[in-house]
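Same chain, two partners: chain A is paired with chain B first, then with chain C.
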Partner chain A sequence: MKGILMQKSVNLRSFLTASWLGWQIESNWTDPFLFATYSIIKPVAGAAILVLMYSIVTQGNFESPVFAYLYLGNAFYQYVPAVLTGVSWTIIEDREHYRTLKYIYTAPVNIPFYLFGRAVAKFIVGTFGVVITIAAGVLFLNVPLDWSQVNWPLFLLTLVLGIIMLAVSGLILAGITLKTARHSYYIGDVVAGGLFLFTGAIFPLEVLPVWLRPVGYLLPITYWLELIRRSLVGAVAEAFPTFTTLSNGDLLLILAASSLAFGIASIFIFRSCDHQARERGLIDQTTNY
Partner chain B sequence: MSLFPRIEKKTGGWQLFLMTVMGRSYPRVVGMQRERSWMFFDVFLPLLSVAAYVFVYRAIGAPEDYVGFVVVGGAMTAFWMNVLWSMSSQLYWEKEQGNLALYIISPAPMMAILLGMAVGGLFATLLRAIAIIAVGSLIFNVTYAVSSFWQLIAVFSLSMVALYGLGMMSASIFLLLSREAWHLANLAMEPVYLVSGMYFPVKNLGFWAAAAASVIPLTLGLDAMRQLVFASGPTLGFLSVETEIGILIILSIVFVTAARYLLAYVERLAVREGRLTENRR
Partner chain C sequence: MSQPLAVKTENLGRIYKIRNNRKEKQRELLALEKVNLEIREGELFGLLGPNGAGKTTLIKILTTLLSPTSGRAWVAGFDVTQQPAEVRKRINMVSGGETSGYGLLTVRENLWMFAQFYGIPSDEANRRIKALAEIVGIADRLNTKSSDLSTGLRQKMNIIRGFLTDPEVLFLDEPTLGLDVGASRDVRSFIRRWMDENPHRTLLLTTHYMVEAEELCDRVAIINQGRVLACDTPSRLKQNLHHEIFFQVWVVAPRLLDEYSFLQINGVKHFHQFPEEDSLRLEITLEEEGALSEVINELTVQSARILRLEKREPTLEDVFVQLVGQRMEEVENVALPAN
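Moving on to the complex of A and B:
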């Protein structure tokens, strides 16, 4: 019993300390005003590209359900690269930039919890982006978000489940990163870029060629985004044919089951990669790409 | 036989300048091709964005020429990424890795080093951009209607001179930066894609916004190229192709000249303030 409590304490301490450290690294390179501006401009510009593309073709028909679909999908998709990169990039940052990974490994720290903690800062910055993007959509672009109609329990449950699913997916990428050199691309961004295409984030899956759609059906992010949309703009989201046969409960079950599967896989994959990295002496390698 | 002959005697002037340009462009042209995964990702990643935006246009029923606009815009993002990460922030990386001090203490002119990076980066990126256009055009059945090859070559060449001139100029500014360099480079992606009309005709930003965005050479370069290669391009163009060529010539001269003077000034400043070897992680 005492051993379990001590382990819990180590996990929690690893997570909280890493969260604080991550926040310092993420934010203390400049003053708070510039940091806030930086955190807002990037997501707003990304959303504005889509808004302009949509507006040019539809002559500004923002009342259409298609607009709410792509706008909300794009807004919440910001969490995907933020969390995936937040967890996996820490390996490169600590190993090659700060050269502290070996010290982290020799400290009484639970490495996966440390990595999750380091992603918290990017999650917080991502949340700024999501909130600002949605606020701009509601205030200026008539995104049909009626706060009294939002299914808050479903929204919060889906959001939490999705973030956990993204964090464990990031752990898989962190394991792979332990065995690879520093490249000019971030594995988290590469994977997030790929998933953007297949998860129906900014267009319904029916637009994809038939042979590509199964990729989307296999990914938990697809179900996560669908549930987020349904919880926020239920009637609008259900107008799209992709998941009309599935109820919110069905989608939640699929999301929970796939998240669990990803979670179990992430433990085994990370352990295996971690073991191989230690065996090959890769924990303190500096590739200098 | 080695590409570079052994240096038997001291060189200087233009000979040293050219040798430096060749020496610095060599790792860009040859070295970058050796890492196969980079070649794959350099083509694959922009293609993913291109595909996503193409499917958005298809979902909202856009005319087919817009698909072509996205493919050409996606190819041009490769140049912007190269300028941003391998030109502007390069001196910051060199400082991080300890090479910058070696550049400064060598007799090689810094301008030649930057020009070498630009020439090598341009060539390597050109191969990737051609691959993106070829693959993207095949996948999405893009049809082109080129109205003038000569103007197209002129627009592309001028855009690249101005763009890499801008990269050389900003490289000298990045020389003064520390940790914030990475963040600033990261910030200059989506906002630049937005204002330069990478995925839509820049004319839709409105005259004054498009005019302000024209400081980034990609804006006018891309707009002129779209006018020259798509049937509907001229109706969606911001300014006439001739006017855009004229502005690109001015931008090329301004950026390359400014890069020369700014680099000399910033180098002196960095030496005086001891920033060449500083490493604030």
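Moving on to the complex of A and C:
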């Protein structure tokens, strides 16, 4: 019992201290303009490009449920690169730039919890982006979001579950980054960019060729985005054929099960990469800067 | 009753597999070979060897950063590969010659953060930071961002980080590398003071500075090419050389001397020359004092004029030369990949 409590205290300590450190690094903007660009203008500009493209393709049909589907999917998808990168980028940053990874590794720190903690700041900055994008959509683009119709318990549960799922999935990338001495920059962004196509973020999976759809069905992010949309604009989201046969409960169950499977696989992969990194002497290997 | 062991290694070995590019065939580099060491609790133990000897590799294994390819090692009684979490609770490490640290944080914040990882209460951490900063002379820089510190001051910050957690076993890997003479002296006196005040703490120090090993260490292991060649107190290591006589000679010569001619003289064991500003410094080891007259004759033959001649006590450098057959800097000049 004492051992479990001590381990809990190590995990909590690792997480909280890393969160503090992550925020110190992330918020240390000497130039407010840069901060605004990064956390506000970038997501709004990204959404604006998508809206413009949609407007051209549909000849300005903003009343179609497709618009809300696309807009909300894109807005919440910002969490994917933010959290994945937040977890994995820490390895590069600490090892190559600050050269502290070996000191973190030799301290009584739970490394996965440390990485999750470092991602908190990226999550917070990502949240600014999501909120601002949605606010812009509601205020200027008539995104049909009726706050009184939002299923808040489902939304909050889905959001929390999704963020945990993304953070744990980030461990896979962190493990790969640990083993990759070079070319591991922005691996979170690269992977998130790739998954954008397969997770129904901006179009239903039916748009994909039949042979590519199973990729989407295997990814928990797909179910997460669907549940987020359903909780915010239920009727609009249900208008699409992909998951019409599944209730919110079914989707929640699938999300939980697939997240659990991904989580177990992530922990296993991270441990394996960590072990190999120790065998190959990569924990303190610097290749850049 | 024997003292408990803080560090023990048993036939410890490490081979690196190296390949510079995809086309190149993988080759093996032996970094450590059958290292057997026993470091007692309370000892200040030195690992002395040239760059590339395997010192850092050994520290990496003992601090759980690197897996050995053969043998076993224990720190504070725990196996470094089987119980790494137990080891990490009891150790800390500082590497010299690098500028690690979160540059955006102040010195105090950097140190406080690491203290939190070790579960030191915030007030206690701040008290220790203040006390240690005063001892190493950076108390006035605690609120400076670490990116604004000079290399030497940053190294001092890292040294505080190592001592801050009051580890049972502390690993210092070349702690004075890159520091100026004054800063090195400060660090050495701080290390000695910490050991004197904490008699149950153990410190493993790697260095390639002979003076550092002689001045600080209770015992020294001399390591070269991954093998421990000797291990004893500095005085006992030097006692083994009691039958040898050491001379330092400064000469002015028209060119570098022909070392081979000197080594041909009966009784001359080692002969090394080092160009200095206006002269050559010769390090000569004789097996019998009588050989000195022939050495002087040979100097005359080679048109070298003696400026000064000193008989001196043996040093750890002489021990190294006796064991390896070369001076440490000569070994370092033979290219070995960094470990």
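We take it that the second predicted complex is superposed on the first by the 278 of 289 C-alpha atoms of A that agree within 3 Å, B and C clash if a C-alpha of one lies under 4 Å from a C-alpha of the other, contacts with A are read in each partner's own complex, and residues count from 1 in each chain.
We take it that contacts are C-beta pairs under 8 Å (C-beta built on N, C-alpha and C of every residue); 3 or more make two chains touch, one makes a residue touch a chain.
In this text, all values refer to a predicted model and were calculated from it rather than measured experimentally.
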Record, for the superposition on chain A, whether partners chain B and chain C clash or fit.
fit
Here's one for you: vertex at chain A, rays to chain B and chain C, all C-alpha centres; what's the angle to the nearest 10 degrees?
80
Can you tell me whether chain B or chain C touches more residues on chain A?
B
Per the contact definition in the header, classify A:88: touching chain B only (first), chain C only (second), both, or neither.
neither
Which of the two partners, first being chain B and second being chain C, lies in contact with A:54: first, second, both, or neither?
first
Partner chain in contact with A:98 - chain B first, chain C second, else both or neither:
both
First (chain B), second (chain C), both or neither touched by A:283
second
Superposition result for chain B with chain C: lowest C-alpha separation, Å, rounded to 5
By the touch definition above, which chain A residues appear in both interfaces, chain B in one complex and chain C in the other?
98
Chain A partner, complex, touching residues on chain C are 16-17, 60, 63-67, 85, 88-89, 91-93, 95, 98-105, 109, 113-114, 116-119, 161
With touch defined as at the start, can you tell me which chain A residues reach chain C in the complex?
9-10, 13-14, 16-17, 20-21, 24-25, 28, 98-100, 102-109, 275, 278-281, 283-284
List the residues on chain B that touch chain A in their complex, please.
35, 37-38, 41, 45, 48-49, 51-53, 55-63, 66, 85, 97, 179-180, 183, 186-187, 189-191, 193-194, 198-201, 204-205, 281
Complex contacts: residues of chain A adjacent to chain B:
29-30, 38, 41-43, 45-46, 48-50, 52-58, 66, 70, 97-98, 183-185, 190, 193-194, 196-197, 202-204, 207-208, 288-289
